[in-house]
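Below are the structure tokens for one structure; questions will follow.
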């Protein structure tokens, strides 16, 4: 299993609050806890050549994790196209928090992916809605994040294939905060929490969920479908 | 209820077989049977200015029907963007047959929308899978089209919100041939049959289904969601 | 359109708080606002012969609304069986609030339909999750009920076909509070609010939603599927 | 991983054709190929005490496979209730072929589970509809069973959570032939083929699918949800 953690990696260089919590970047924290799970992990960031997502890297990635926020527009359309193609070919994709507005997520969803938001350091309580889902393994009925950015409904996404988590916010909103989609041969998991100014990715429940999601999103081994002109399998009456 | 029937309108001008069956274009045949249903119908075609889809036309359209095939690439990205925005704002969209490969359908689905196909004039039998769905009203257990182009699985689309019809083909394939999606405030129905060289749009069952779909896809009257920064509704503890 | 409003009608006779708010029973309040919508409405209650749900009544009911709480066990299995059969044949069913534990809802869902609950008169805020759904017509982004019983996740139901509303509760819980299912030829809508000691069914938003749900749940006009032994439609090779 | 294969085990004792193909019973053939997958397998049959499904057996079963046909009514309601409870608690359930009419499947689905059928030894072609699904791992675009009983739509089941396979039949029908449901904490997979007079369970693709389904249906390790009266997590305003 080869995981690539992609991070925009801007806030952690320029925003003291983010730098303080994630001095080496959010990607390094995620990479570190994944490695404990006997998973092979690479990282890639926006400012590397081809954003660190060369064909070699993409071809050898089973699951790609995506964190972005202020620089979505700087991600090249060409790379986004390649990532989308790889997802449709079977690569798993885990989109975190503000990645809801990334080009790759919007391309795969077909909607605006817009939502309500508020940075007020309020409490988030994340409830398990689908107790049979492997991404919820090891998670109690709910867990809390003492301080998080709020995301509120309506979240403009297609109805998920599976709704796994729902959030309650102190300020009065709710949010579908963990859900799955299949697109082509690939699996996608969106997970809400993870604002750069809170230590969310150090939270044990958050780590468990991301680890579970990586396993869940692994590509399925089979030949990919063949498209285009097809000869009849059965004899046609006219023949 | 205002319906706009959009047609590429190329085959019917250049391909004798198509011209013979649809001398005034597929759009005119669809417009005609819809008008019998006390629906206000306009038509629009590729070669008109802005493909006939000016802002005025789009703004006053409740449900847009889309037929395209050889000239998908000639549809301007700008117009596609406007149509997509209108769907997300609430306009219904009915995509017919080879429209599966249109820019608008692919943008809204996020997948390749690829499939298997064969032009052999074989028999298609369309089964009702969801007997409670209003789009199936008035349709028997199945109906047959003596000659149609074959479309076969795998059809590379997101899992539909609702699967209403499934096709059996003489040559040995099956296909999800009628299904619904909601995207943003809008509803989408894809309906498989309708190759330009067969008289499919004169078929009574096909007409009933398209009429039903128009009613089903009508916009819902409510204020659209508000996105962006939001003040807390409840008092936060930190305040 | 013929609607039957079924009510257990016990609390309103014995519990002063409920009697005070619904002196003639919850069913009468629901019947009254539905009648304003040019719908033909009957009522039926537990203590009538056959619970008021004779074959005549069931056969002429397009949509059945169900409210029950303390006396679920007193509803006869025979009547439940008939109601289930009628739903599968096409009758719409709207299950309200504590009806989540009714025999009819549990039979149709196949799960325990259990949940968390609390009677503390706390605030409920109901958010629209599916802005394209006809049941949400006329409803703003959210509406509030100043005092309601709390129902919290996990709600042990099958994943809904469509999730229309989600609730935020003052005490920290969330709940899937409005959702649809199709079963056989029939449509089902579950709607959470409506505890007998609060004036919920006088709330304009609640009334709009129930009116919308009645329209949505109306039976589809078509011949019902035929089951059992079937002759081949196509000639088999062995023949 | 502990799997229990339950079989009615009647045809194989009395029907020469079935006896010939499955001399020790269908359950033994299934148990044998599962054991090759390093899975611990037990079998249980109708005529054993408590149908072989004692509490001990059920409590230690991770995934239960179910084959029944002529004797559905002989399965005791008490045992069915226990199996249903175990599924809702997390045990996986794989229902095969004529098990569509078993009490356990009908109880969990809430519908009649009726369908069209024909015993004519015709060809079935099973297509993969969901290429990203782990149950389709190792399966090509389609595979064929030269002779099978036909099952045709409409299949009276709830819309599946995931539709993995669809069947084409020589006689002109289609069928949703492999699909998943989650109910409570448990996962359910229904798989169509497997009539007792054909050697279907010796087919390599069929075996691969059942092996995949066993892995997919394994229980998720987490505490089960708590239901009933719940204290507020947040302080209520009235307090």
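For clarity, chains are labelled A, B, C and D in written order, and residue numbers in each chain start from 1.
Rule of thumb we're sticking to: a residue touches a chain if its C-beta (ideal position, glycine included) is under 8 Å from a C-beta of that chain, and two chains touch if they have at least 3 such contacts.
If you want to know which protein each chain is, UniProt gives these names: A, B, C, D = Trehalose utilization protein ThuA.
These figures come from a predicted structure and were not determined experimentally.
**Q** Along the shortest chain of touching chains, how many steps lie between chain B and chain C?
**A** 1
**Q** More than half overlap in residue numbers between the two sides of the chain C-chain D interface, or less? Answer same or different.
**A** same
**Q** Distance from the CA centroid of chain A to that of chain C, rounded to the nearest Å?
**A** A distance of 36 Å separates the two centres.
**Q** Using mean C-alpha positions as chain centres, tell me how far chain A is from chain B in Å, no decimals.
**A** Each chain reduced to its C-alpha mean, chain A and chain B end up 31 Å apart.
**Q** Two or more other chains in contact with one residue: find those residues in chain C.
**A** 125, 128, 130-131, 141, 152-154, 159, 161-162, 170, 172-173, 182-184, 225-226, 233-234
**Q** Within the complex, which stretch of chain B touches chain C?
**A** My answer: residues 90, 125, 128, 130-134, 136-141, 161-162, 170, 182-187, 220-226, 233-234.
**Q** Enumerate the contact residues on chain A facing chain C in the complex.
**A** 125, 127-131, 141, 152-154, 159, 162-163, 166-169, 172-174, 176
**Q** Write out the stretch or stretches of chain C touching chain D in their complex.
**A** 84, 88, 107-112, 114-118, 120-123, 150, 152-154, 156, 158-159, 161, 170-173, 181-184, 225-234, 236-238
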